[in-house]
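Following this line, the structures themselves.
Okay, so chain A shows up in both of these, paired with chain B first and chain C after.
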Partner chain A sequence: MRPFNKYWAIFKIQLLNVMAYPSELLGRSFSIIIFMLVFASLWRTAYGIAGTDTLQGITLPGMLWYLMIAETIELSRPRVSTTISRQVKTGELAYVLNKPYNFLAYHFSTSFADSLFRMLTNALIGGIVVSLMFGSPPPAWGWPLAAIALIGAWALNFCMMALIGLAAFITEEISSFEWIFQKALFILGGMMIPLEFLPGWLRTVAERLPFAYAMYGPARLFIDPSLEGFYSLLAGQLVWLLVLGGALALAYNRGARYLAVNGG
Partner chain B sequence: MLKRELTFLFALWRANLQGAMEFRVSFLLQIFGMVANNLLYFAFWPVFFSHFDDIHGWTLNDMLIVMAIVSFSWGIMTFLFGNFNFISEVIANGRLDYYLSLPRPVLTHLLASRSNVSGLGDIAFGVVAYLLSGQFQPEQILRLLFGVCISGTILLFFMTLVHSLTFWVGNATELGNLGVNALLTFSLYPITIFDNTARFFLIIFVPALLVGSVPAQFVKAFSWQGLVQLSLGALVLTALAITVFTRGLRRYESGSAIQVEV
Partner chain C sequence: MPAIKVTDLKKVFKSKRKEAGMLGSLRSLTHPEYKTIEAVCGLSFEMEAGELLGFIGPNGAGKSTTIKILTGILFPTGGDASVLGYTPWRDRHKLAYQIGTVFGQRPQLWYHLPAIDTFTLFGKIYELDELVLKRRIGFLAETFEIGDLLEIPVRKLSLGQRMRCETAASLLHSPKLLLLDEPSIGLDVVAKQRIRDAIREMSKLENVGVLLTSHDAGDLEALCRRVIIINHGQIVYHDKVSNLKRKYLTSKLVEVRYAAEVNQDFQIYGMETLKVGRYGVKLRFDTKNTSVDLVMSRLSEKGSLVDITISDPPLEEVIARIYEEAA
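Take a look at the complex of A and B:
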């Protein structure tokens, strides 16, 4: 229990740090308004041209609620890769390694605190914008299911971002990996367009990748909640968490050894 | 006078490029990474247009021209004047002292003293997107070059204007982020999805349509309206940004942070 208390304390301290500047945090969340306005204009036009209420089984309001959740996930993703790569590049890591905590667990706690408030404000502001334009959100009984799936999605994103950050052990410069990862989430994760719209073969591939569990799954569950869908999503998230978590632990151990060889 | 300033600018750009090329792997990773990034981002449009023939007259081909212009202009500006997105930070941290202490135009020196290598990747992608669009008539190429210049000028001076508000409101970094998000996001979508009120807003207040859609329409077909809109937009924004920055400079209080920049 003691290790958990330690990381719980780290989480709480970081949360207090984040909440010390609420106006700054709120200011950052205004970007979601811009994105929702663009999505609303595009899809309203698209549904108008198609002359139909549903496209690929999704209604226009459903599409906007889907995109709101996807955008919330994107804007609240942990930015841990930048932090880790900075620590590797500046040598700050050498000072962090001898602290009495696990490096990855420490980043997990601080990143979650960073993201939590951002996730809530983005969902709130995005939700208000979509409500004003397209009416009430999907049934409330599905919200807790989507919230749990959002936490799973966040953890998956954390693993992938931390892996990118650890690439700094080898390449030092990681921004190009961050850009490509983000755009993979946009298309293969279904952030810009639900996976139903992809060509058949690409959809089959995308549905099996972790990007879909980190973005499409929770957003789709929010607009179309079902217990069956929830369990299936959770199972997929757990499998990918095991795979990516294992890869992360391996990459960290090898990276830390590599750093020691070079003298830190 | 102008020759002296241009010589200085070229010297700055050369030094920036040499500095970036010092780290070859990082240099190449950033360029190719940005090309891959833009390619993946653009992948949305073929998927979208596989379900709709056009969006009120706009096709995939038009989106290629929009993407070419925005990538090209963004790439050139971030490579040559890469500090435009960090002006607030420089002002708020008192680092303008350095620029003020040297006998060179402050704004030009400030803007050109940072270079983002990834901009070269944007330029490369812009060329590829344009080649794929198939608009190769000589006058179209001339109009493309004009459109890129105008789009880049508007981008540069809109961001300069927003960041210059730091002189009055304190650190405007978040406002700058919001500004660049709005400008880029709205510029990468077809003009035909916006109603007249939105179009007015996106030309006058956040001139995103002058960065993407309007230059793209101008490349496809010449129109006096497009020429006037683009020229006037660039001129007004340039004058406004320079005036606001210069006025703001009078309010600047030294942070006693004169230091050697390396």
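Take a look at the complex of A and C:
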């Protein structure tokens, strides 16, 4: 129980830290309004030109709800890579590493606290905007399934971002890796468009990659909930979590040997 | 068993070299060149339990790298070290329960929150019982005189107040060894003195060993019995502080400011004039030949004093003298 207490305490203090400036936090969440207005205009035109109610089996309101969830995932993605890189550059890492806790579990706790408020406010504000434009959301019974899938997606994103962050132990600067990751998530994760719109071969590849389980899967489940889809998504997320979690543990153990903390 | 035993410790960093300008950047991409920096070169020393050991040297001497190796953050390139019976880089987790650290230039307290929140968090991290934690916070608040600061957000504290809270936080779990990396950096004279007094008090009360790195010889004089001076990653001096004071810290710098203009050929018997300004003078004297009392009376004979500062020579100067003697 004691180890859990530590990480719960770390989660709580980071949550307090995040909420030290609530108005700034809330202000940042309003960016989802702009994104949803732009997407609404874009997809209204696309559906209008196609002259159809559904594109690749998705209705216009369904598309907007899909994009709202995808944007919520993107805007609440853990920023752990940037945090680790900053800690290496400034030498703050010295304090993070010399405490009796697991380095990765520490970052997991702080990142989750960091994302939680953003995830809730983005989903709430984004949901209100889409409701006002396109009416009621998908069936409520699917929401808890999507919420669980969102947590799985967050954990997958954490593993991938932390792997990029650990590269800072060797390279210090990781912004180029972050850029590549974000673009992969945009296309292969289905953030710009659902994977149904990709060419057949690319869709087949993308559906098997972790990016899809970290974004497309939960967003698609939200607009088209089914128990079968939920279990399949959860299984895929678990497999990728095991693979990426293992890679993360390995990378951390190896990376610690190469670490050069700046300053002093 | 010594609290710290270091044998032939080495740490080499490799850093990429880059020539100036765009062409240099391109060249470093196609033909990368690396420079090796020997931060620590074959360091060996021991420190007894409960001892206050000064580990000083100028910037870039290898002090912080050594501390980071001793806390297990960095892996050494060669040699061996044992801290409280643990090999730091292999047993970092276990060692963390036994040591406290303060890196003077880096905050460990949550910046936007009151220090008491970080203290409570550390209580959980170090697995302290709630009652024990409460008593401990009360005791440290009294020793470090921070009782009225604990509920103020850290960002609103002065540097001196923050450093007292930082040091108290590092002692929350009653460590056997405290590793202080430049705890007094940037502090004014009063703040420095308060930190030093509290550290001395804690070491005496709880037999906490203190390894103190600093580039301020004043920290050393105030706190430590023994001193190791390092430069370029090597030990250049290792002796009692009293011997160092007798041999090298006898020279003092005096900066004086007078109410009226001073004579440009200002001279005082027993003192060396270094610089003469319109109202101020900078001089040097040796306490072996001239007492501070005598200096004060001779300076006041010259005119009405507005301000006076007596300081130790910079550590670089002391090291230069040590090198000169060795040669």
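By our rule, the second predicted complex is superposed on the first by the 259 of 264 C-alpha atoms of A that agree within 3 Å, B and C clash if a C-alpha of one lies under 4 Å from a C-alpha of the other, contacts with A are read in each partner's own complex, and residues count from 1 in each chain.
By definition in this document, contacts are C-beta pairs under 8 Å (C-beta built on N, C-alpha and C of every residue); 3 or more make two chains touch, one makes a residue touch a chain.
A quick note: this is a predicted structure, and the numbers were derived from the prediction, not measured.
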After lining up the shared chain so the two structures overlap, which partner does A:9 touch, if you call chain B first and chain C second: first, second, both or neither? second
First (chain B), second (chain C), both or neither: which does A:51 touch? neither
Return first, second, both or neither, reflecting whether A:183 touches chain B, chain C, both chains, or no partner chain. first
First (chain B), second (chain C), both or neither: which does A:100 touch? second
For A:90, using the defined touch cut-off, is the partner it touches chain B, chain C, both, or neither? Pick first, second, both or neither. second
Give one of first, second, both or neither to describe whether A:257 is in contact with chain B, with chain C, with both, or with none. second
Can you name the residues of chain A that touch chain B in the complex? 24, 27-28, 30-31, 34-35, 38, 41-42, 44-46, 49-50, 55, 171-173, 175-177, 179-180, 182-184, 186-187, 192-193, 197-199
Touch list for chain B against partner chain A, complex: 23, 25-26, 29-30, 32-34, 36-37, 40-41, 43-44, 47-48, 50-52, 55-56, 118, 174-175, 177-178, 181-182, 185-186, 189, 192-194, 198
Complex contacts: residues of chain A adjacent to chain C: 2, 5-6, 8-10, 13, 16-17, 20-21, 90-95, 97-101, 256-257, 259-261, 263-264
Help me check something: in the complex, which residues belonging to chain C touch chain A? 13, 63-65, 67-68, 71-75, 92-94, 96-97, 99, 101, 103, 105-108, 110, 112-113, 117-118, 120-121, 124-127, 153, 181
